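As structure tokens, here come the structures.
Look for subunit A in each of the two complexes below; its partner is subunit B in the first and subunit C in the second.
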Partner chain A sequence: MSTPFTPVVGGSALPSDAPAPATERNVPHRGGPANPSAEALRAKFGAAVLRVDVVWGETTVIIERTRVQEIVRWLHDDPSQRYEYLSDLTGVEFRDAEQPIEVVWHLRSIAFRRFLRLKVQLQRGQPLEVPSVWPVYKGADWLERECYDMFGIRFAGHPDLRRILMWEQYKEGFPLRKDFPLRGRFSRAEQLRQALAANPEARYSMEELSIADAFEDLPQEMRNRLRSGEKTGE
Partner chain B sequence: MGLINRPETDVVSYDPKGGDGWVTTRLDFLVNWGRANSLWPMPFGTACCAIEFMASAASQFDLARFGMERMSFSPRQADVLICAGRVPFKLAPVIRRIWQQMLQPKWCISMGACASTGGMFDNYAVVQGIDTIIPVDVYVPGCPPRPEGLIYGIMMLQEKVKRERAADTSLRNEMDPDPTSQLYIPPSAINELSEPFGNSIHQQRSGL
Partner chain C sequence: MATIKRTVEVELSTTGMDAQGRPVRTPLAVAEDGSTVAVAAPPSMEPELEGEHMLINLGPQHPATHGVLRLVLELDGETVVRCIPHIGYLHCGFEKIGEYRQYNQIVPWTDREDYLNSIGNNVSFILGAERLFGIDCTPRATVLRVIAMELSRIASHLVWLGTTCIDIGAFTPFLWAFQERENIYALLERWVGARLTTSATRVGGMAADVPAGWTEQLQTFITLFPKTIDEVERMLTKNGIWVGRTIGLGAMTAEEALNYGLSGPMLRASGVAYDVRKDFPYLDYETYDFDVPVGSNGDVYDRYLVRVEELRQSTRILEQALRRLPDGPVNVDDHRVILPPKSKATSEMESMIHHFKQVMEGPRPPIGESYVATESPKGEKGYYMVSDGTAKPVRWRIRPPSYVNLSAIPKMVEGHLLSDVIAINASIDIVMGEIDR
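Right after this comes the complex of A and B.
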């Protein structure tokens, strides 16, 4: 299950005469040189790339909802791209009710010293669902869960899409949506009653904590407890 | 009746010929003196108040002067729960359980604006004052309070402990929450305690 760890050296894929990294000066608000990966995406995926924006020197590629996983996998695997690191994944909802809800992926190529922002726009009225990038980046697991928890955006293919910040029985909705009142939907007493009804213990089995990989390294006593199906905190 | 008069807290009167009442008074004083000067805190630090709390415990302010140098990270061996920081609803059952695990006699200090009232976090996620979950003895205002503020609160709690009477049967009553709702004060009281105030009345986020 576990893959061998290979360290990625910053800038290692750049030619040896490449200039040392430096903070760019006088970056224009809009326009300027785009990340070369945007052109490569256009050439490779054509119509799946809807728009390319360059804002403050950072490239945003707006892509087709259905082809997210394919594009992300290519960006991750292709030796000319090598986006090893998913640094953030989030959702955006704008005050303007006409504007689509966006899902944003921040990808970083350490080897090429590149940063790329992918966006998917979910039109109003459409189901809030995008493909999960968990098969490509395992680190997307909790990021997608947080995005689901806060915005209600479902990630198709995520192995365990549950709430992560709010407790699992939380009934009031998705707190970062614009139609969610700041204080929540229920009265304070009702919120407290529901919160106190949640059991703070025994939420996870040891398997869910992905300790299973290291099972053989665990102390004998702990292994015996796990074999008997014990859950944490009980 | 003279037996349970409130004892003098700052005067030790030892007068064996003085008539009735001196034994009970003396025992109260002794027990309270011992308790007040060995309050072991159960630190429940969730936010920046906990940093100030750690500063209070460190050498500059030195909580050890008050017999509190031993942070009791086990609720079973703690006397005073110091809730330092905001408590989200997700932690509400946790702090409730810690309070229930503490043995009598026990006290609670609510440190800082967030623990006492919810503070600036008048939102969907934060409990509007831990007094809606557990009984609180001393509220320390501040955002966060300086260590002097916390120490003042601790000294107030010591005063409170020194004024207790062994004959007062109302003191050690464990508050049993309502079994169906798990609340120990009525919902209307919770809503009233959680009323928005100040600027937060005007907060609008969802204008849709």
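Right after this comes the complex of A and C.
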């Protein structure tokens, strides 16, 4: 990081006469004061900010897909923003198949006590790919892997984008997509058959197999398959 | 790894007694370069043994992994060179199931993710749902929910304390912790009828008000509980073995901790004073007088100190909540979400329609989305819900604090000894039900 780290204390960047944080009550459904960072983003990035919504008191900024990393890095580094904490990262697919799939980042500025939701809308037909924010927030590692695992959204620039909750050989698709049936795509019999036929040795990823001499401990047949360039497993 | 130098006055040490029979106070100065040693720095291997790395599987069926966590460790002698965590063994698709359930029907699922904090999850979830409905709960329900959250924070920290003691090799504090936890579960059982799977909240209120005499029972608990904390502290805080097994392990600097998205005691042990209750308050937490303990070194020992102090602070909050608990209804007077009384439903037209609509269709929030975070014992627990105007959410997302905290484990264990992996893993306070969901 370029700037030296300053200790983070909640509200430390606020003026001393700023009102103390309080439980929000009677939050309006739409409208109300927007997070000042939304205006700052508009001023800084102009056309990359597509829309600003305030729903239930939370500010959502819908941004251009290609400029996610740039925007997030600015929010993280700029002393007037200091969004140093990535709360959450996830995807949303609506029941209406016409609506775009969304990728949502929840950022917090602890120093300014601000909360900001960034959103990218991936239109149907567009590739499901957004830039990774891992270079800015290391905490995005598993969150992005989970989002990929559940929605099939790829994060360009993620160092190790593979399934995390489902196993690596999982073939049924992406469970949180709306076209994925609640009980899975395959019949129970097929799911059972696949589970029984799974080779437990195949549960090692390529990274693990590359470790030391573990490779030599694998069955001959698996070693051959790995040599022939197969990624993992079955 | 950052070098950690600090001194802890050791009292209950087994290092020896002086002539008068008093324990010898050995200051433990720890440096990871090995200059002064309590935790031995990873021994450098004998030259002929170098290069022979070993791959071992820790878990998924290992009692010290607190569930079904599998860590693939590459060892150089006994030093961890690389750690690759594998999760997902408990994945049951809570978020997917939630898309097929009405809001009140999701509450039982929140019991089962972080099952050590079930009533706290109920409250967190329902705060998110109520935001989506545009409802503020009644004053009595607000205070009852604070009591629920703090009770479950204490219960969860007690399990953490007990199991971590077992992992590190102390057995007695485990029994004390579980005895107190039993008192909390007795309280919860009297209140909602269940110990672990409480499902205590509903959109707009609670499933039940506390029964008569319950507050007196809680008062007894509050009075007696600090004694147990003192006992545990007397047993551990200056214990030579405990200090030696925890200081300097898995240290994260404030900057790293923040960047890795750690939250809760993990983040505060590293020196970042971020507590959702203070910085983004909910349930009137800003009106309670309590302190947020902050560590400085971010190692296992500091996480222990932070959690023990949180036990005391939660007791303080409970005391204040009990004093201010107002009379009045626990449910809001809003028949969009709360069923009208049966007598009215059978005698008044309007109430009958509300009753019918709620039972047949379920309460419907307007189109919108909300992310409501609360401070769970593990950290920032957020529920992100998106509504398209129907009775079931389009997306129900759990932001699991221990999932994000666990993602930093390779960073924390690499360079430490294999036996320290257990201590570091215990210090994260993971619940696999929440991580895998």
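Throughout what follows, the second predicted complex is superposed on the first by the 188 of 234 C-alpha atoms of A that agree within 3 Å, B and C clash if a C-alpha of one lies under 4 Å from a C-alpha of the other, contacts with A are read in each partner's own complex, and residues count from 1 in each chain.
We adopt the following convention: a residue touches a chain if its C-beta (ideal position, glycine included) is under 8 Å from a C-beta of that chain, and two chains touch if they have at least 3 such contacts.
Source: prediction; values computed, not measured.
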Just subunit B (first), just subunit C (second), both, or neither: which does A:Arg223 touch? neither
State whether A:Leu192 touches subunit B only (first), subunit C only (second), both chains, or neither. first
Would you check which partner chain A:Arg124 touches, where first means subunit B only, second means subunit C only, and both and neither mean what they say? neither
A:Ser87 in the overlay: touching subunit B, subunit C, both, or neither? Say first, second, both or neither. second
Looking at A:Ala97 after the superposition, I want to know if it touches subunit B, subunit C, both of them or none. Which is it: first, second, both, neither? first
See if subunit A has more residues touched by subunit B or by subunit C, and give me that chain. C
Which partner chains sit in contact with A:Asp179 here, subunit B, subunit C, both or neither? Use first/second/both/neither. first
Once the structures are superposed on A, label A:Met166 by its partner contacts, choosing first (subunit B), second (subunit C), both or neither. both
Going by the contact rule set out at the top, does A:Arg51 touch subunit B (first), subunit C (second), both, or neither? neither
Using the superposition on A, tell me which residues of subunit A are in contact with subunit B and, in the other complex, with subunit C. 95, 165-167, 175, 180, 182
How about subunit A: which of its residues touch subunit C in the complex? 1, 5, 7-11, 20-27, 29-30, 55-56, 58, 60, 84-88, 90, 92-96, 104, 106, 108, 110, 113, 115, 117, 137-143, 146, 150, 163-167, 175-176, 180, 182, 203-205, 207-208, 211-214
Touching residues (chain side subunit B, partner subunit A) in the complex: 89-90, 92-94, 96-97, 122-125, 127-128, 132-133, 177, 181-183, 187-188, 190-191, 193-194, 196, 203-208
Please output the residues of subunit A touching subunit B within their complex, sorted ascending. 95, 97, 165-167, 172, 175, 178-184, 187-200
Per the touch rule, the subunit C residues reaching subunit A in their complex are 52-55, 72, 74, 82, 84, 86-88, 91, 93, 95-97, 100, 131-132, 134, 136, 254-256, 258-262, 271-275, 278-286, 366, 368-371, 373, 380, 382, 384, 386, 388, 390, 394-395, 397, 399, 403-404, 406-408, 411, 436-437
